[in-house]
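Going in written order, the chains are labelled A, B, C, D, E and F, and every chain counts its residues from 1.
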Amino acid sequence: MTELEFALNTFYLLMSGALVMWMAAGFTMLEAGLVRSKNASEIVTKNLGLFSIACVMYLTCGFFIMYPGDSAISSWIPGFSFSYLSLGMEGQDMSYGSYSEASDFFFQVVFVATAMSIVSGAVAERMKLLPFFAFAVILTGFIYPVQGYWKWGGGGLDALGYTDFAGSGVVHLCGAAAALAAVSILGARKGKYGSDGSAYAIPGSNIPIAALGALVLWLGWFGFNGGSQLAIHTAADAIAVGQVFLNTNMAAAGGVIGALFASRIFSGKADVTMAINGAIAGLVAITAAPDTPTGGLATLIGLIGGIIVYFSVITLDSKFKIDDPVGAISAHGTVGIWGIMATPLSGAGAFGTQAIGAIVIFGWVFITSYVVLKTLDSLVGIRASEEDEELGLDKAEIGVEAYPDFK
Amino acid sequence: MKLITAVIKPFKLDEVREALLTVGVTGLTVTDVKGYGRQKGHTELYRGSEYEVDLLPKTKIDIAVSDEQCEEVIEAVTKAANTNNIGDGKIFVFGLDQLVRIRTGDLNEDAL
Amino acid sequence: MTELEFALNTFYLLMSGALVMWMAAGFTMLEAGLVRSKNASEIVTKNLGLFSIACVMYLTCGFFIMYPGDSAISSWIPGFSFSYLSLGMEGQDMSYGSYSEASDFFFQVVFVATAMSIVSGAVAERMKLLPFFAFAVILTGFIYPVQGYWKWGGGGLDALGYTDFAGSGVVHLCGAAAALAAVSILGARKGKYGSDGSAYAIPGSNIPIAALGALVLWLGWFGFNGGSQLAIHTAADAIAVGQVFLNTNMAAAGGVIGALFASRIFSGKADVTMAINGAIAGLVAITAAPDTPTGGLATLIGLIGGIIVYFSVITLDSKFKIDDPVGAISAHGTVGIWGIMATPLSGAGAFGTQAIGAIVIFGWVFITSYVVLKTLDSLVGIRASEEDEELGLDKAEIGVEAYPDFK
Amino acid sequence: MTELEFALNTFYLLMSGALVMWMAAGFTMLEAGLVRSKNASEIVTKNLGLFSIACVMYLTCGFFIMYPGDSAISSWIPGFSFSYLSLGMEGQDMSYGSYSEASDFFFQVVFVATAMSIVSGAVAERMKLLPFFAFAVILTGFIYPVQGYWKWGGGGLDALGYTDFAGSGVVHLCGAAAALAAVSILGARKGKYGSDGSAYAIPGSNIPIAALGALVLWLGWFGFNGGSQLAIHTAADAIAVGQVFLNTNMAAAGGVIGALFASRIFSGKADVTMAINGAIAGLVAITAAPDTPTGGLATLIGLIGGIIVYFSVITLDSKFKIDDPVGAISAHGTVGIWGIMATPLSGAGAFGTQAIGAIVIFGWVFITSYVVLKTLDSLVGIRASEEDEELGLDKAEIGVEAYPDFK
Amino acid sequence: MKLITAVIKPFKLDEVREALLTVGVTGLTVTDVKGYGRQKGHTELYRGSEYEVDLLPKTKIDIAVSDEQCEEVIEAVTKAANTNNIGDGKIFVFGLDQLVRIRTGDLNEDAL
Amino acid sequence: MKLITAVIKPFKLDEVREALLTVGVTGLTVTDVKGYGRQKGHTELYRGSEYEVDLLPKTKIDIAVSDEQCEEVIEAVTKAANTNNIGDGKIFVFGLDQLVRIRTGDLNEDAL
């Protein structure tokens, strides 16, 4: 590898990482737009905080846990070290691989933040700030890196042949499993379900910024998937990255169309929040294998993702009484599973191994998250008081209203 | 003196205001309100859950008038706000004990 | 060409394409901010939907129509094929050119979406959703690719010597012509013109996000113009791309200044919506030839664009009673023509040929769009009912209000 | 240097510049979100206008003043020329350096706009539009370039050994010094301080878009700092750029955590506007030397920046009665000084020289800005009339309200 | 006829409306207001400065009723809006001189 | 008892409230309204089209008082809200038949 090839790859990884970092803004806007205005400042704070915590925890230990190299204890138990805290220019040279070590870290750290962002949407409007941050510490420092190690760190799932190009499972299903654990413990928002079990709608306060959030995610996903090829210096790599961009875009487009049409046909109106979830669903669906399908197949995978998210949102909401204000569990979880299981369609991965991968990731993240959150709950309580919930978490926890002029 | 309060459909505001000008009303106060009545709200849909929006946007107009003007004003509003559909609204008439113009301290009819 | 050069070009094209994709967010925010709040969800839905439709239609047939290569029937009649649906990694290698085929598609597809985005702004607040989507299918699948073929696919306009570096004509005038056809059929919004013909203002509901939209477009335009050099691997290409960035930025700056000063001088106030249109106008104006002018000339071209858009908006609105809520026809159409005609100022293209190009593009797009829209109108009606318009299209068609908490 | 290396560097600089241009959107959203709704259109206009003015002035003379090369008169007095107005492709070749001349200009011009953006936030809600633009002409055309020359143009500060990788001083302290001069002359907003001197809160109108602004800045800063390495073609450069990305991100994360915890501990609530300022503070703090610290140290530098900004905002506001609606003077000024003085922590620069640098920059910018603004004040008055301030500058100067539907 | 105006806590609106339906009220008009009274506001914090928000969000309901209904309606509201906490609100009763249904011109009780 | 309704310029709200406290008023209800009167609106400009904004933002304050307090309160408001400019607003006084404190059921003067 020449210096210039190394430089190009590093630059490509950094640009990809910057795009993924941008997804933090996507989640922030999406969630701020889909909650009521009295909780919008709070969810913004959660998103700024969780991203920061993810960065610090991943530097502190998460990155090493996920990529322990020879320090791994077994294929299911990674190592542990604080060594990345001292990562500086001195220690780096071309022997690290086809890109610089810091660029590698940067590209990886934004993924863990993405996983945690998924949780914040699902627990919106009722989870207290500090327990949320405490959970972020555990998820981004430990729970995520361990299963990340199993696949991308070369651990047990990788050895089994589980395929997950950019993380339909490792990132999205992971986030959704943690979100489901949190929602199970928290319960629904006050007023979401009537005494007879009927579901009430709690409309989001700012649809344009929610749509902006979805479009930010769409853009950021080019870094998410495109960067996961991890090299662009050969013609083959460049062609692969190009195909990944094409497929990522087509899947998102398919997702919007699938969700919009499902909504128009089955509910009579073209629900824009479904279109938003559809875009995300298309992106999540293609993420497990964005390189292998043709453009047409990618569109189809996304389109089915969009239809799935429509029914999943409604079913979780009305049937299972899982109150997920932004549809995160459906878009990242249900559709994450669809993405994982769809890889064989383009010849990547085998049905059985993919199923094992999905089960292992979901099981690990759900159980550990549940235990951690239950513990937090019994220690300090993770749910805001009724009074605070009614007042809005902005006033209760942040002291700053999101839109004080409009009342 | 009377205070006439009309609750009307929002898009009728301009017409009602013009009608009031022609009968000599020189001032009024407008409030955004929501109304519930015979006119049924519509059903909105949000993420698969239907929900009834049964409070409909209405506009409230308060007009202080002298006793003589009262009938004419009521008539003007009734005509201008009418669409012949349910939900056109109502007019409430109250006795007004006193009226003061803050700037000058003018009282009652002089304050109009 | 070495693999590394091929890789760099591909990467450059993908980054450029990602920036252009981002323009979808720009149009969405711009338009959502300039309509009344009761129509903001609907325009967001239209933008998400049209982008998705554009991607699918362009993959299905549009790209092939536009770039038929040897399959072209004549210099004015392109070919037709579904072959791009099966574009996958297998079929690609370096023989395609100086970048990968998928990256080429990706870069091109975001342009067609841009053209269609222009339409959505002009028809805002009164065009029904489904006919709009139906028209998007036709415009992005057929009308746009055909004239795209004439210029960029090597067809008749290209042979004539018509110059259009990044699409003042092919993209922006095209979008504006379709918009004008649509507005002619739709007529003005209810309440826009008094019975005596006087124009009433219908203020946009959210100026900050409209400005955000303009700034997103500004950023995305670096991909739009910068990527249109199509190669960056040689010093000459790199220098050209650098100059394109510089000029694009200067023209936008000039446009803002031109529009702000026109507004301040002729209307007494520094109308921010004019500044927004000015930025877009500057960008549209430079797009036909962003490489050849000096920085000073680029500023001037943009500045004149900004002044033109000010007068065009007012004239179309008050004189011609063309009700264009966001000023799209002025910013992309009137100024698009200015951009096309200004290329000779920096020695690119000849006055006569440029005029022919503008007329041919406008004529083709206006007439075909008019026919398609009239047909749609007679079949299903393209204008929302009076009642729906009064209620707001958010409630009527989307079922989700944009800002339900603020009323 | 090969053509390909030249091309890669040029591309890298252009992408970096595009990211920095994006910061214009960041400042616009941040400031629009932190002012009252009655002044939001006005601040948007100011931001669009100042960016445009900065571009034009820097092309006209600023860039040459800052980088006069051999035309410099002395190490403290730069040269002057209009030559950049005629910068076109003709004049450029590889002899310019390791990237193209236009890409260099483009990268530099967005920095000067950043400096001016800092001012607009601090003077929000009371400074008149036209004097503001007049001051922008002077600051971006002269005041900024002169001190830029002292450091980056190879002038006196550079000779002294003052270290400032990407501009904690040259850009951020510069902007903050000008802002302080302006605020000193303007005085506080009406109603900000009671007759007994107590400070009243004037809440911002739109927290989600303010947070979006901060996240845009966060993203843009990768270009700001990452691009300031000015080359990426060697392994050493690539490694440096990678480290800069990593450190920039960690410092921002540290800043959020520092500010949030300070706020939670000392004020009882996790004030989201402090988290926003914390992110910016972390970024400003690392900007003087983002390459030399380890990731852990970068986090710490940012964290301290976040704590500093918390106390600085409160102290300036309550003690010194400096009314800075967005906290710009604290985030860019106080923390800018911290960034400059912190470089020795990672072995870059010496304490004494850094102090001299900070004093010289602050002194030059504050004094010249003060003189210019005082002159403007006596000529035309820089403060809006009481009546206009009460009515809101949107109605008074722009004629367009930001959110006309929500009242 | 009377006009009953109740100023209540916003989250009680649905319960009060249901209570009114049960006593036969078929229409009402709702306004968002802010109230000041014994119930003290809360302290918000913004960038280090504390500030008192002493105007609290309240909801105002106007109900036109016949004289006979009046007592019952007052009772229904009193019960439904009560949380036993300071700030539960007040009910104001006014004489209503006249009531008109705009659509039909119906007068007084007929217009209810 | 009386209900005093004052329509004032929004920025006078704080001063009026303070003035009311000094004359012993312990509660009030505030509504955002728009007013039309002698004070002419201003002309806004949007994309080249001028348009008249002739409804101006005003603030409405409702104060229930005992008959004795009435004069004093009117005077306090008149003084505090006065800027000597057109558009300072008006004060309306209504007879209040009954007043109930929801929390306790206290009636009339006791409910104040």
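Please note the rule applied: a residue touches a chain if its C-beta (ideal position, glycine included) is under 8 Å from a C-beta of that chain, and two chains touch if they have at least 3 such contacts.
Everything numeric in this text was worked out from a predicted model, so none of it was measured.
Q: What are the mutual neighbours of chain D and chain E in this structure?
A: Chains in contact with chain D as well as chain E: A, F.
Q: Please identify each chain that touches chain E as well as chain F.
A: For chain E paired with chain F, the chains in contact with each are B, D, in label order.
Q: Per the definition at the top, count C-beta pairs in contact and tell me whether B-C or C-D has more.
A: Here the pair linked by more C-beta pairs in contact is C-D.
Q: Given that chain A and chain D are copies and touch, would you call their interface same or different according to whether over half of its residue numbers are shared?
A: different
Q: Over half of the contact pairs shared by residue number: find the pair among A-B, B-C or D-F that meets that against D-E.
A: A-B
Q: How many angstrom lie between the centres of chain C and chain F, each centre taken as the mean Cα position?
A: Measuring from centre to centre gives 51 Å for this pair.
Q: With centres defined as the mean C-alpha position, give me the chain B-chain F separation in Å.
A: Spacing between the chain centres: roughly 18 Å.
Q: Residues of chain F that contact two or more other chains, please.
A: 31-32, 44-46, 94-95
Q: Two-or-more-chain contact residues of chain D, please, as numbers and ranges.
A: 4, 8, 15, 203, 206, 209, 212, 267-269, 271, 273, 399-401, 403, 406-407 - these are the residues of chain D that touch more than one other chain.
Q: What are all the touching pairs of chains?
A: A-B, A-C, A-D, A-E, B-C, B-E, B-F, C-D, C-F, D-E, D-F, E-F
Q: Residues of chain A touching chain E in their complex?
A: Contact set of chain A toward chain E: 390, 395, 399-401, 407.
Q: Name, in rising order, each residue of chain D that touches chain E in their complex.
A: Contact set of chain D toward chain E: 199-203, 267-269, 271, 273-274, 310, 313-314, 317-318, 327.
Q: What residues of chain E sit close enough to touch chain A in their complex?
A: Touching chain A from chain E are residues 11, 32, 42, 44-46, 57.
Q: In the complex formed with chain A, which residues of chain D make contact?
A: Going through chain D, the ones touching chain A are 2, 4-5, 8, 12, 15, 19, 36-38, 203-209, 211-212, 214-216, 218-219, 222, 226, 232-235, 237-243, 245-246, 249-250, 252-257, 260, 264, 267-273, 275-276, 279, 291-297, 299, 403, 406-407.
Q: Quick check: in the complex, which residue numbers of chain B touch chain E?
A: These residues of chain B touch chain E: 2, 6-8, 31-38, 55, 58, 60, 74, 77-78, 81-95.
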